[in-house]
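Structure record follows, encoded as structure tokens.
Which chain is which? They are A, B, C and D, in the order written, and residues in each are numbered from 1.
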Amino acid sequence: MKPLLKLEHIEVKFPIKRSLLEVIRNTPQKLVHAVNNISLEVAEGEILAIVGESGSGKTTLGKAVNALHDSDVVKGQITFNGQSIFDSKGKLLPEYRKDISMIFQDPYQSLNPKHTIEKIIAEPLMIHKVTKDKVEMRNLIIEALNHAGLSPGESFLNRYPHELSGGQRQRVVIASALVLNPKLIIADEPVSMLDVSVRSDILRLMMKLREEKKISYLFITHDISLAWAISDHIAVMYLGTMMEYGKADEVIEKPLNPYTQALINVMPKMHVRRNEKRVLLKGETPNPIDMPSGCSFHPRCPKAQSICKNVKPMPDWDKHGHMNYCHFNEEASHE
Amino acid sequence: MKKNSFIKLFIKNKMGRIGMIIFMIFVMVALVGPVIVQYDPQDFGEKEDVLQPPSLTHFLGTDDLGRDVFKAIVAGSRVSLIVGIMATLISMVIGTSLGITSGYFGGRIDDFLMRLTDIFLVLPWLPLMLVLAALLGASIWNIILVIGVTGWAGTARIVRAQTLTEKERQYIERAKSIGASHFHIIKHHIFPNVFPLIFANTILVTAVSILSETTLSFLGMGDVSKPSWGTTLHFAFESGALSNKAYWYFVPPGLCVLLLVLSFTLMGFALDEIVNPKLRER
Amino acid sequence: MEILNVKDLKIEFNLSGHRKLHAVNGVSFSLNKGETLALVGESGSGKTTTALSLMKLLPDNGSIVEGEILYKNQSVINASAEKIRSLRWKEISIIFQGAMNALNPVLTIEKQLMDVIMHHDHLEENEARIRAEELLKMVEIDVTRLKQYPHQFSGGMRQRVMIAMALACNPKIVIGDEPTTALDVMVQAQIFDLLERLKKVLELSMIIITHDLSILGDTCDKVAVMYAGEIVEYGEVQDIYCHPKHPYTQKLLSSYPVIGGKKALPESIPGIPMDMTQIPVGCKFAPRCHKAMPICFEEAPIQKVENGHRYFCHLGGESL
Amino acid sequence: MSRKYLLRKVFYAILTLFGVLVINFFLFRIMPGDPISMLVRNPNANLETVARMKAQFGLDEPVYIQFFTYMSNLFQGDFGTSFHYNRPVLSVIGERVFATVLLVGTAEFFAIIIGVFLGIIAAHRRGSKVDVMSLSFSLVTYAMPSFWLGILLIAFFSGFLSILPTSGMTSPALFFATGFERFFDISKHLILPALTLALVLIGEYMLVMRSSLIEVLTEDYITTARAKGFDEKTVLRKHALPNAMIPMVTIVAMSIGFVITGALQVETVFSWPGLGRLMYDALQDRDYPLLQGIFYISSICIIGANLISDILYGYLDPRVKE
């Protein structure tokens, strides 16, 4: 089926501000290689999880798709519903903003404390001039609130964000995304700041919206088990590069890439295993300014060979559409 | 936080309450006073009326030209208040708009505006005012303009700092992702969140403006046709009220300035404690 | 050998408007030498307050109103200020959460390690510096970074510095307040792996405060699940994981997707956390409990014990 | 604190100085009614001074040429000649600088020590009697016009208790005295004006120190320090103060700028022969070159003070990267 969203060779490189002195001595412009050469497709109603640690560029990718970075920093082609999101002059097509919306990580910060809930949800309607008449707008808002599980919607209209719990606030954010009935929602760590007990409510709401409204999601998270629980496909990112991509069950049960294997191996499991020897990667994700040569994971990879140091691997796709960005392809012994 | 809880917190704050009461008294005096008490700086009293101590006819005695000091103070209150508030409005408008623009847009505009603010912060403000007042002539509107134009730098710097923090908040990014324009973001998101700080700062800047007006008038730059407390103090000092111990002539006007400015500082600090969560009592 | 015993601890905070916040209402637990106890609960459950009260580190509007804390059989609550200060960091120390700026931003790491060593162990400057270098080696940080400032360290590295500082005076108990919450999964595993090795070498007993049940398997022996200022369930980690008794613990455990298990998303706990300024009659979890019975709203549940596995619930199991 | 940070700050200081210089130039030229018409309105201006004024400012040449002559003179240290004193502006200023530096220096010295000390105690024992007392003292002095405070002190000390001289820097009889006698005489005269200036400053420093320390005491690293078993005094001295002092440095530098203008009021009231008084008189006599010179010198002092505070800030706060 025709992909809803298609990303081809997306690159995001932030220039580091050079001081006057450096400009005069024209020292080379240093770049932060946040995202390098990512190509993805998201079908209608599909949930694609992007998994990675902090510094992997997953949020930058999400924002790039949402056109939140200024265009001279983002390279590569983004096509939505078959056509590019920028018109010939490079300006963003206005209705793209209606078809796509974003849920942010921190429910305490993503709502303006000075606005009532009604004003927050009315904002997208106002910006896109969906309707002039007050009553119709209010009904749309109440409907969105009910849809997001905040029923009865009327009772939330003139309350302020600080009167709501984390979970309720995240529902308001979802309601304000729903009101423009988007086709794609980019959810950047939507539940990581919520108490565990409230988490699955929000996830179940997202799944329900997928069934009812055929909304597809770009679900960005650092928690690979959460990604497995809710998404159809998983893409694992490290230092701006896509290390592995495939169906959720396949990537979890038969991880091919050493980085994914390490991530799954280190995931806390609900049983005592203190004495087992676990494969722990040494060090932390380096800063993406001076990128390691060859495969960017080679300094920390337990299976690194000399080839990894100087040759960039080619993404290798198997017949089930399971991609592994690595020179070696044997499955890990999986307990 | 909602409006009425804001006011409730303000009333509950002891400093805020005292400040508000003093301020209200002066506003009453300024509004009602000149209607009841006609004070004409030109009609000088008779010779024997000069420098009389406080008495029933003249509650606060008379000045070196036989004029009633109490009437002068009542008339002066209106001038001091008006000049203080008007000058502050000018400073706030310039300071806020520059602060928000340079904070929100950043880049070259920010650098240029910040250098401009630095220059105004560095210029010695009183001599600058004196020179401007001297060059423009000592009418009350020039005084207001002069104080206003030289007083905006501090506000600009504070507002810019607050805008920088607001700009990084996630609800700004959310507004951008919905497609909100810069103007919409500033109007609906940045300004409402920076306003409490602007309001608290306005109160403190008014205190400084009143002090500036008094000092300018004391140094002889005031508008003689509309005497303020500073002008009264100027004539008191020039006429040597000090040496012949006419304390009723030079103490009350100064005291009024002190109380009015104190009322603004008290309110300003009370607001600051409410706005700044770190200072708030737990 | 029991090193710490807490009996019916009650802590209250007085808020503006004469309201009282009952942060901890009757908590009892004990800690043996070399054992690691996890205090688990969601935000507002009183777990951090309980831990801080062990060193009487409550903020000025908080106070211990009831109960007893015995450290090596000496009362902590009515110990003199002098005694408490000598107990802090020498006997009990804390690893604060990495995300907070628990390290002084304007002092070098070296100064912050040495000042507590020189204070408690009365060492000379150069001896203290050698000890500081030892500590950094222990937590696998390059010794040359001693002169650097906290802002020059990444999240994971800052957490290792906190661990080094917590071990500076060879304390008997180390409290970890959400030690890995703000860190990536990989760094979190490294930190727990490091703590495991240090515990064996130094025979440390630890109290880990966390809201994340999934990490208990990595480091803890005993678990105390807390809700609204009370311990609702207490027992061995394996016991809690395999057959949790209290509905709240059951619900919490089911909220974590387990790879390989079935994919259905569990029901979450309805309602919002309890308002701690009032003390309701009956069980505190009743309003949000999916197995609540009428009795739960009238009487507080009494403690039930099944070979070391204690829980407070009117439901099943033979009561004490 | 890297070299780049230092270079950048010096560069900005020079830029600001240039800005002040430009404003200074235009201030006296394009104001409604150029200096000549100002002078003409001044009763004692005769034709000869008007002509000299014209030559001095070269008002007939186009503005940009005036600007270049103005700039080149400045670089050779020639600030023009004062009309009133008929001597180079720089030398007139030179004579008066010592008096202002003495006054401002003493006032600042005591104000910083007492203000910071009071601020620390008030913050440390927040809500206690000391806190309320010092808070109200500061709020009152902060709200008081300095010249009026001066007048009150004069009235009090010359009226009821005449042990302290209330005007001038040296008593007439001892004009030619030297050595200890002169020092003692000057310091007697210095007490009241310095006290006036200091009182206002103490209030401001105390308020800034108090709120800065209160904010620092709520930080997490203070809890860590207490958890380490240090007593309150050590926590305050070793962990709280190094952080709370950082904003003080900027505030003190900024206030040095304001003090130079504050000195103007005090010097006028106490007729203290400093730069402030010189400017006041220059204004009365419409002596523009002198006014411009004083204006420029005080701006340089303030820029210098801000630069020093930026550098100190870099030392105190290691997080200030380039």
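We adopt the following convention: contacts are C-beta pairs under 8 Å (C-beta built on N, C-alpha and C of every residue); 3 or more make two chains touch, one makes a residue touch a chain.
Note that this is a predicted model, so its numbers are computed, not measured.
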Leaving out chain B, the still-touching groups: one piece
More contacts between chains, A-B or B-D: B-D
Hey, how far is the Cα centre of chain B from the one of chain D, in Å? 21
For chain B and chain C, what's the span in angstrom between their mean Cα positions? 52
Cα-centroid distance, chain A relative to chain C, in whole angstrom: 32
Looking at the complex, which residues from chain B come into contact with chain D? 115-116, 118-119, 121-128, 130-132, 134-136, 207, 211, 214-215, 218-220, 233, 237, 242-243, 245, 247, 250-251, 254, 257-258, 261-262, 264-266, 269, 272, 278-279
Give the list of chain D residues in touch with chain C in this complex. 219-221, 223-231, 234, 238-239, 242-243, 246, 316-319
The residues of chain A that touch chain C in their complex are 53-54, 165, 167-168, 195-201, 203-204, 207, 222-226, 228-230, 252-253, 262-264, 266-274, 278, 280-282, 284-285
Considering only the defined contacts, which chain C positions touch chain D in the complex? 55, 57, 85-90, 93-94, 96, 100-107, 115-116, 119-120, 149, 151
So in the complex, the part of chain C that touches chain A is made up of which residues? 42-43, 154-157, 184-187, 189-190, 193, 196, 211-215, 217-219, 237-238, 241, 251-253, 255-260, 263, 265-269, 272-273
